[in-house]
Each structure stands twice: as C-alpha cells, then as structure tokens.
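The following pair of complexes shares a single chain, chain A, combined with chain B in the former and chain C in the latter.
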Partner chain A sequence: MADPHGPREGQATPLPSADPALLRVEGLSVAHGALQVLWEVDLHLAEGEILVVLGANGAGKSTLLSAIGGHLPPLGGRLVLDKVDITRLPASRRARMGLILMTEQGVFPDLSVGENLRLGAWRLGRSEAAASIEEALTRFEELAGRLRSPAGSLSGGQRKMLGLAKALAGRPRVLVLDEPSAGLSPLYVKQVVADLASLRRDGPAVLLAEQNVAFLELADRVAVLEGGRVRFTGSLTELRRDEALAEAFFGLEGRAPA
Partner chain B sequence: MPPASHGPKPVPSRQGPAGRAARQLRRLGAGGISDVGAVVVPVAVFLAAVHLYSNELLLLNMLVYAVLAQGINVIYGFTGYLPFGYVAFFGAGAYGASLSIIYLHVPALLAVVLGGLAGALLGALLTPLLRLSGAYFAIASLAAAEAVYEVVSNPSLASVTRGPYGINLVTAYNQSLSYDAAVALLGLSMLGVVILRRSRFGLALRATADDATSAEMAGVWVVRERSLAWLISAALAGLAGGVFAWAISVFYPTDVFDLTISVFAIVFALFGGVGTTWGPLVGAVVLYGIYSLVGLSDPQYFQLTYGLLIAALVLFLPGGLGSLTRGLRGHFKGAPGGAR
Partner chain C sequence: MLFEFAVVAGILFGVYYALLGVGLNLVFGVLQVVNLAHGDVVMLGSYLAFEAYYAWHLNPLWAVVIGVVPALVAGGALYAGVGPRLARAADPEMLSLVLFFGISQIIEALATVAFGNNQRSVPASSLGAAPLRILGERYPRDWWVVAGVSAFVLAALFAYLYASPVGRATRAVMSSPRESAAVGIDVRRVSVATFGVGTFLAASAGVLGVFLLGGVNPTEGVSITVTAFAVIVLGGLGNAPGTVLGGLVFGLATELTQTYASTWSGLVPYVLLLVVMLARPKGLLSKSARVA
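And then the complex of A and B:
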C-alpha cells in the first residue's frame, strides 16, 4: 500500500458514463480559518442509499457536513448534486434543490412546532408543502397535538423528532444528518433509528455522521474519517473484516455477529 | 356511479390527528377578526380622540412615535437588528418631504410619500450595515445617523438643505389633513405588522432572527429577506418623518435628528413587546402619555418614573407588556398548545 491514509475500497472503479451518484464529493479540502480539517475527501451517494460516516471527535465529520451544506467554502475540490456543480452555491440554493441538512440543534426554538414544519417545507409549493407536513405529522403523531407550542418547550427527544420531521417535510433528495443521536437517551436513539429505517423505501438518499454504532444497522455503506481523510469506504461486512477499524468502533464485542 | 364509500378512500390521510392538525396548521396562516381590529380600532380611536381632546400636538407626537415603534418592531422584532440610529430615517423622511415641497412644489401628501422614499433610499445606502451584528450594528447605525445629521445641518449646504437654519413649510401647513395622514400612516403600519405576522415573508424573518444559519439551511434567502425588512422599516420611519414635518411645518435639523427619538421609539416598542401587533402601539400610547403628563410639568419625577418603569420591565417582563397578555391567555386556556 503506497498511501496508508488512502481509501481502502477494493479497487478503483472507473466512472461509468451515466453517473449513478446523486451526490458526489470530489477531492474536497476544507479549512477552519488557518487550520485545514479535511484533505481531499472523495465520497459518493446513490439515489436512496444510506451512507454512514463514522469517525472520532475531531475527525472532520461535522466539517464535512457543513461544507456539503454550504456553510464552509472549500479550499479545493468539487461538490456535485445530480450532475449540477453546487460547489459555489449558497446554502439556501442547495436547500431549495433538495439537499437538506439537519444539524444538532435542528429546530427554531422560538418558533412554534407548526412554524418549524412550515420552514422545513420551505422549498415546496403551497399545496405540496401542506401534503408533506401532513405526512410528517402522520409519521410523528406526538407532534400533531403540539403545533402551537414553541419548539423550545419540547423535550430533547421530541425536539430531535421535530428536527427530523422538519427535515423530511422538505421532501429532501439528499438528507444530511449530523449526529442524530447526540444528547438522546438510548431509547430515543432506537426510535430515531426506527424512524430512519422506515424511510428506506423510496426515501431520500441519506448521509449520516455518527459516533453511535446503533446507526450502522441502517448503513448501505460506511465511510470512516480519520484525521480529515477518508480511511475506509465499503460495506459493513468489509468494515468488520478490518481488524483495526472494527476494534476501534465495536470494541471487544467487535466482530461478534456474522 | 358507485357511492364513494365503496371505492378506496379518496383522502385517507385527512382522518386522524395528523389530518386534523394539518388543517389547524393551515388555519393558523389565515387572518381573523382580531387582525381587522388591529387596524380599524387604533385608526378609529385616534380619529375620534382629536375631537375629544384639545392637545392635538400631543396626539400627533403619539401617532408618530407609534409608527416609529412599529418600524422598530419590523426590524428588531422580526430580524433581531436593533438600530440606535433609527432616527436617521425619520430625519431623512422629514427632509425628503420638506425639500420636495420647497423645490418641487408637490402636494403635501405626495411629499410625505417621497419622504418615505427618502427613508428607504437611505436604508438602501446603509444596507451594508446589516453585515454587522449585535452591538456593532447598533453602534454603526448610530454613527451613520450622526453622519447624516452632520451633512444635513452643515451650513455650507445651506443653499440646498437650509443647513442649521431649519425648514419652514407654512404654505403647505394643514392641521387637520396632516393629522389624518398621520392616523392613516398608523393604520398602514398596523396593517404591515399584521401581514408580517401572517405571511411567509414574516415567518422567514422570524426564522432568520431565531437562527440565521438554520434559516439559510431551510432554503430562506436570508440576506434578501433581511434587507427587505430593513427597507420597509426605513420607509416607515421616512413616512413618519414626512408627516411630522408637514404637521409641525417649522423645524430645525436638531428636532428631527434628535437621538432621543430613536431611544423613545425603541423603549416604546420594547415596553409593549416586539414581535407582537399591538405591543409597540400600546407602548407608545402608555409611555408617551406618561411622558406628557409628568415629563413636561415635572421633569425630575418623569426621569424617576421612567427609570423605574424601564427597570421593572427589564426585570419582570423582558418580553414586554405583550408577554403579560399571552401569559394570562395561557393561564385561562391551559398550557399553550395543549389539546383543545
């Protein structure tokens, strides 16, 4: 192996002429001020696929997601959404194209639950927004009774639920989730995983950054970030086969399930 | 034609709590009788008041301050930007209206509109200030107001602005018409805030004030919406300045660029509660009323009363008087958003 930090994906597959990737990250380098955090990251995400990005604190997960969302201008590289180069587009344009980010806060605390959902459906036309909000309320019935309450008055778990409902209300094509488990009790983590799993069929493509391995059961593919570089991309099985990585993420019980 | 009940349910999702909630949500966007009242009642009260109470100047000042407080409401209550130099737009409006009467000989009502335009133009000129935030924005807008005052009152510009010698519009003076125009302007500002509270634009603004980054991520074009609110707020102050200039007809630059005007408008708006429809108007009526009762006859007690009121407000009602009524309503109806 020439480059120990390079991706370990089996073999470099040449780009097919009809690009199946909905979102493509090409050689993305990003810095926070003078400190470079990401180094030539390559990732791709196909229609309907769930890609889980693993990495320790400081590996660059959040930086990667905010660069994809449009909040950090990259030093170099390209972002392509459905064959459109979005590298220079502002965050609001990306959102209107269906690239929707759910951050750790996720909601507008001063606004009501209903207003949060309306903002989630911002990119849609009036009637489509009404339908998608209704859909979200069917999925998250707990929110339906609290439309007028300020989002800030919800519990942590409900707030996360609202964040997810809000993100889904926009009928995203690519849904980017930054640590959906942060600050949640294990029970709610299970709930969020179940919610995401229920999206699978004709749902959006999902890019999800996590430290919590509970989310791995959702993953079609896994990418591991280490020190701002992609250390691994591949299936979960392949990840478990990699002893060093498996131990880092699964600990002692690491390779237990076949 | 088979009866509908035999076929697949056309809209099954309309049933259940989600459907009910979604309908409720759609209704939230619709206006109600209270919205009409918010425009009609203040207009009617001020139109009647001038026949019942002889101090027309007091009523006029109250009206002008109510409009300015609503202007502060638009920019601060809906976007979180607090412009201490807000009086610059008022002054620009006063001068814009006066100079167009003097030089263009336009009818006074049109001059008031041009005053609003002057306010909006100055607002457009100062849009870059919106890149600053918090205290920096407040201070920079204050500095900008001082700069505008220095230009307008500069003796070397006396041939254009009359410099420090002030404006005389005696030929255009019309006491009752200018008062009615001020009342109409108050109605307009109330209507504007009602629309803001109901509209998609207003929601975009409140989301931006809450968390600009998240608003951007939802697809809100933050810079455009914020600039638009800024221009609307500036235009309102300009219109208020235009009406004021017309109504008093003789004034000096210090009268319309007085920083006290900014401070009063801000305090009135905060006292009543920003982000609400009625708050700024109630704040202006109550506090300007107190100011007129106590402030003019016994300035020393006025300072004390005002100081105590503001301290009490900051300590006990940081959301303004408006939060008091909201709290009471919640008390009687159960927890806000509770099942009804």
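And then the complex of A and C:
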C-alpha cells in the first residue's frame, strides 16, 4: 500500500499498466512564497476509495489540497490523474477532467442556489448536467426549496451542504474536500459525514482533509501529515496501533482497540 | 415645475450614466482592474458617431451597431495580450493602473492626431427634432432617444449576464475566481470576453455621449473615467445591477444641482465619491452582513 520510500523528484517512474491508483501524488513539494510547506509528499487514491488526511493546523493539509486542485504550483514532484500527468495543468482543466476540489468556501455567495448547482455541473454536457442537478436535489432535499435564494444567505451548515451538492453536480471522479467540518456545529458534522457515507456505492474517489476525527469512520485509509511530511499512511486499525499518533488524535482512550 | 423637470431629466441622464459606468464596473468585477482607459474608449465611441454622421451620412445611432465587432475584438485582443503579463506580476493592481494609464494617454495622443484638438459635436436634430412632452414639460428628443438606447443596451447586457452560460460564468468569476476555476471555468477566457464586452459598452456610451456630454474632444477621457468611477462607487464596485442605481442617483444629483446651484454642479462627482467612500464604501446597495 503506502510506500514511505516512494518515487522521488526527478526519478523516472514508468507507471505499471495495471496501476490501480486513480490519483497519484508523487514527491510533491510546495511553498507559499519563500516558505516551504510540503516536503516530498507521496499519496495515492484508488477508484471509489476514501482517503482521510489528518493533521493539525499548519500541518500542510490545505496546501496539499490546493496544490492537487491546481491553485498552487508545486516546487517539485508530480500529480497523475488516471495515468495523465496533470502537474502543469491549470485548475480549470483539472476540474474539467473530473478532479473537483471543494474549497472551504465551497460556493459562489453572490449567486443563487440553483446557479451554484448549474455552475457545479459546468464540465458536463447539457442533458447530463440536468440529470446530475436533479440527482443532487434528490439527495439534498433541503436545497430544492431554496433554489432562488442567494447562496450567501444560507446558514453555515446549509452552505456546506450546497458546496457538497455543487461539487457532486459535476459528477467528480475524484472529489477533494478541504475541512468539510470547518465552522459547523456537531449536528451538521454528523449530517455531512452521513451525506458522504451515502456516496459510498459507485461514488467518486474521495480525498478529504480534516482535523475532526468524526470523519475517520468513512476512511478506507488514513494519511497523517505532520510538519509538511507524510508521517503515516495505512488503515484506521494501523493508526490506532501507533501509540503516539493514536494519543495525538484520539486521546488516551484511543489506544483501546476499536 | 422646475423640480419635476430636474427629476425627469435626472432619470433620463441617470439611465445614460448607468451605461457609462457599467462597462468599467463589469471589468472591475471580473478582473479587479480599474480600467483607466475607459473614458478614452468612450471618447473614441463619440468620434465614431461623429464619423458615421458626417463622413458616412448615417443616423449616428448606427455607430452603436458598427462598433460592436471592432470593440469586442480590440478589447478582447488587448486583454489577451496584457492579461498573462498582469497575472505574473508581483503587484498586478499597481501594474494594471500604470498600464491602463499608459493606454489612456496613447489613445488620447492618437485621437488628437486623427481628429484634431477641436471640440466636435453632432446636431441633436440628427435624432429627430420634435421635443417630447411629459407632465407638461418639454424635453429635448435626444435625451429620450439616448435614455431609450441606453436602457436597451443595459437590458441586453443583463440578459447576457443572467441568461447565457458565458454570462453566468462571468458572474461566477465576479463572485469568486478561485471557485470558478474549481468548477472548470476557464477564468482567462472569461476575462478576455469580459474586457471585450466592457470595451463595447464604453464605446456605445461614447456614441450616445456625443449628445448628452455635449460633443467630444480628445482630452475628455480622464474626466469621463472619473464620472464613470463615481457612478460605480455609488452602486457598489463589482456590482453590475447596483450600477443602474448608481447611475440614477448620480443623474438626479447632477440635474438637481444644475437646476438649483449650477455653479457647483462640476463638484458633484467628487463630492458623491467622497461621501459614499466614507459612509458606505461598498456602495449604496451593500448589506452589512454580506459575505465577500
């Protein structure tokens, strides 16, 4: 699975033809201005898999997701989506290929709920867009009654719901979520976790960055970022076995087997 | 009766001022750039009306139609040329100010060479002679025609922004460029299209301005940019529908001062600009709870 000594920058790595990974992050290094935030991060995500990236504030989660989405140019390393090198592609091209990043804001506040959904389906053809919006509205019924309201007038929880509905309206192949729990009450966090859980069957592959351990129940695999480096990747059970990490994320009771 | 006259005139001029400002605001909303050459494009539009009337013997309003393609192409090409350089700049706001100030000066110099330094005008009678009456007052016909054409162009603009996919993408970029890229919108192409549309809006305001602004001369660009800027600050920077309100408030304010204290009317744009900047920096329509 995760290979801590994965490919490094500059090293030619022909991908095996039967590569199961839909998205590959290889030796990714990223800086904000003069400050390097990520060092040679290696991650991979298979079709339909949910990978939760855990990390404290400042560990580099948002930077990682921004770089994957195409909003920050990397210093080095590669990004491969379905065997296509996307490292140099702009964010809009990546989105049109089905790599969709839900930012922390997640919506267009000045536009109506309906327009947000239509823009979410921007990459799709007309009839597919209509179908996917319909689907999103069936899943998120609460939004159907508010299609004409500006997104900026929604409550924090509803806005997050719209952000998710908008991202799904684009029928993503890889859905990248930046702290979906940020600014939400515990009740809404539960709701978002349930929404994501309902995606499981033939849903997109999901890469989700969080501090909130409530999202771990969704995870097929977990990666831990610390100081801009991948400190751990593996299953939840393996994470719980690592004493230091388990204590950091679950507190003392975390050491007990789940 | 003086008051009614000033109010109706203020509304007619206000609709025109909305058109004068809306191109500048659209460009600001999408590109975060104050196009200091806006007034110079308006000036070129006025010369186009002048040429249409005197050289080609057309109704000067045809200049609005004649200007569509050249304005879209020239504006789009200009931004396609300078946009990538601006995007790479360490300080894009400052660079764009300097850049568009330079373009403004170049247009002014070229216009002086091409058209001479004199004030030119097109007779209002070219739009029909009979004044129109409302509430017992007579208003020059060109005011009505200009306000009507302005309203038509504004309506077409809003149809574009609210009912076409490119228009929706334009409003998406105005709301959040980053989010737009995240759904797959090519922000650069939207920017190029917007600069083209903004250039057309400025040129069409120029065609009409040859009547309402009292003719045209090559150096008028700067003061027109200031007027347009006052209008869009009133309505809210980056808020296209707000510009209509901004135009109306500006039109009423100038007409009322012109009626009751005409010596002061030149001050109106600057005073309004200051008052709004201090009291409601996000424009008259802004809500305190609005999330950017």
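As a working rule, the second predicted complex is superposed on the first by the 239 of 258 C-alpha atoms of A that agree within 3 Å, B and C clash if a C-alpha of one lies under 4 Å from a C-alpha of the other, contacts with A are read in each partner's own complex, and residues count from 1 in each chain.
Heads up, the rule we're going with is that a contact is a pair of C-beta atoms (placed from the backbone, for glycine too) under 8 Å apart; a residue touches a chain by one contact, two chains touch by 3 or more.
Note that the structure is a prediction, hence the values are computed from the model and not measured.
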**Q.** Clash or fit, chain B versus chain C on superposed chain A
**A.** clash
Q. For A:Ser185, is the partner it touches chain B (first), chain C (second), both, or none of the two (neither)?
A. neither
Q: Considering only touches as defined above, state whether A:Gly114 meets chain B (first), chain C (second), both or neither.
A: first
Q. In the superposed arrangement, does A:Ser155 touch chain B (first), chain C (second), both or neither?
A. neither
Q) After superposition on the shared chain, which partner residues are touched by A:Ala130: those of chain B (first), chain C (second), both, or neither? A) first
(Q) After the superposition on A, what does A:Thr138 contact: first (chain B), second (chain C), both or neither? (A) first
Q: Based on the superposed arrangement, let me know which partner A:Gly170 touches: chain B (first), chain C (second), both, or neither?
A: both
Q. What's your read, chain B or chain C touching more residues of chain A?
A. B
Q: With the two complexes superposed on chain A, say which partner A:Ser235 touches: chain B (first), chain C (second), both, or neither.
A: neither
Q. Which chain A residues lie in the overlap of the chain B contact set and the chain C contact set?
A. 69-71, 90-92, 95-96, 100-101, 103, 105-111, 115, 118-120, 122-123, 166, 170
(Q) Which stretch or stretches of chain C touch chain A in the complex? (A) 168-169, 171-172, 174-176, 178-187, 290-292
Q | Contact footprint of chain A on chain B as seen in their complex | A | 13, 16-22, 24-26, 28, 203-204, 206-207, 209-211, 213-222, 335-337, 339
Q.
Under the definition above, what is the set of chain A residues touching chain C in their complex?
A. 69-71, 90-93, 95-96, 100-103, 105-111, 115, 118-120, 122-123, 152, 166, 170
Q: Would you pull the chain A residues touching chain B in the complex into a rising list?
A: 69-71, 90-92, 95-96, 100-101, 103, 105-115, 117-120, 122-123, 130, 133-135, 137-138, 141, 143-150, 153, 166, 170
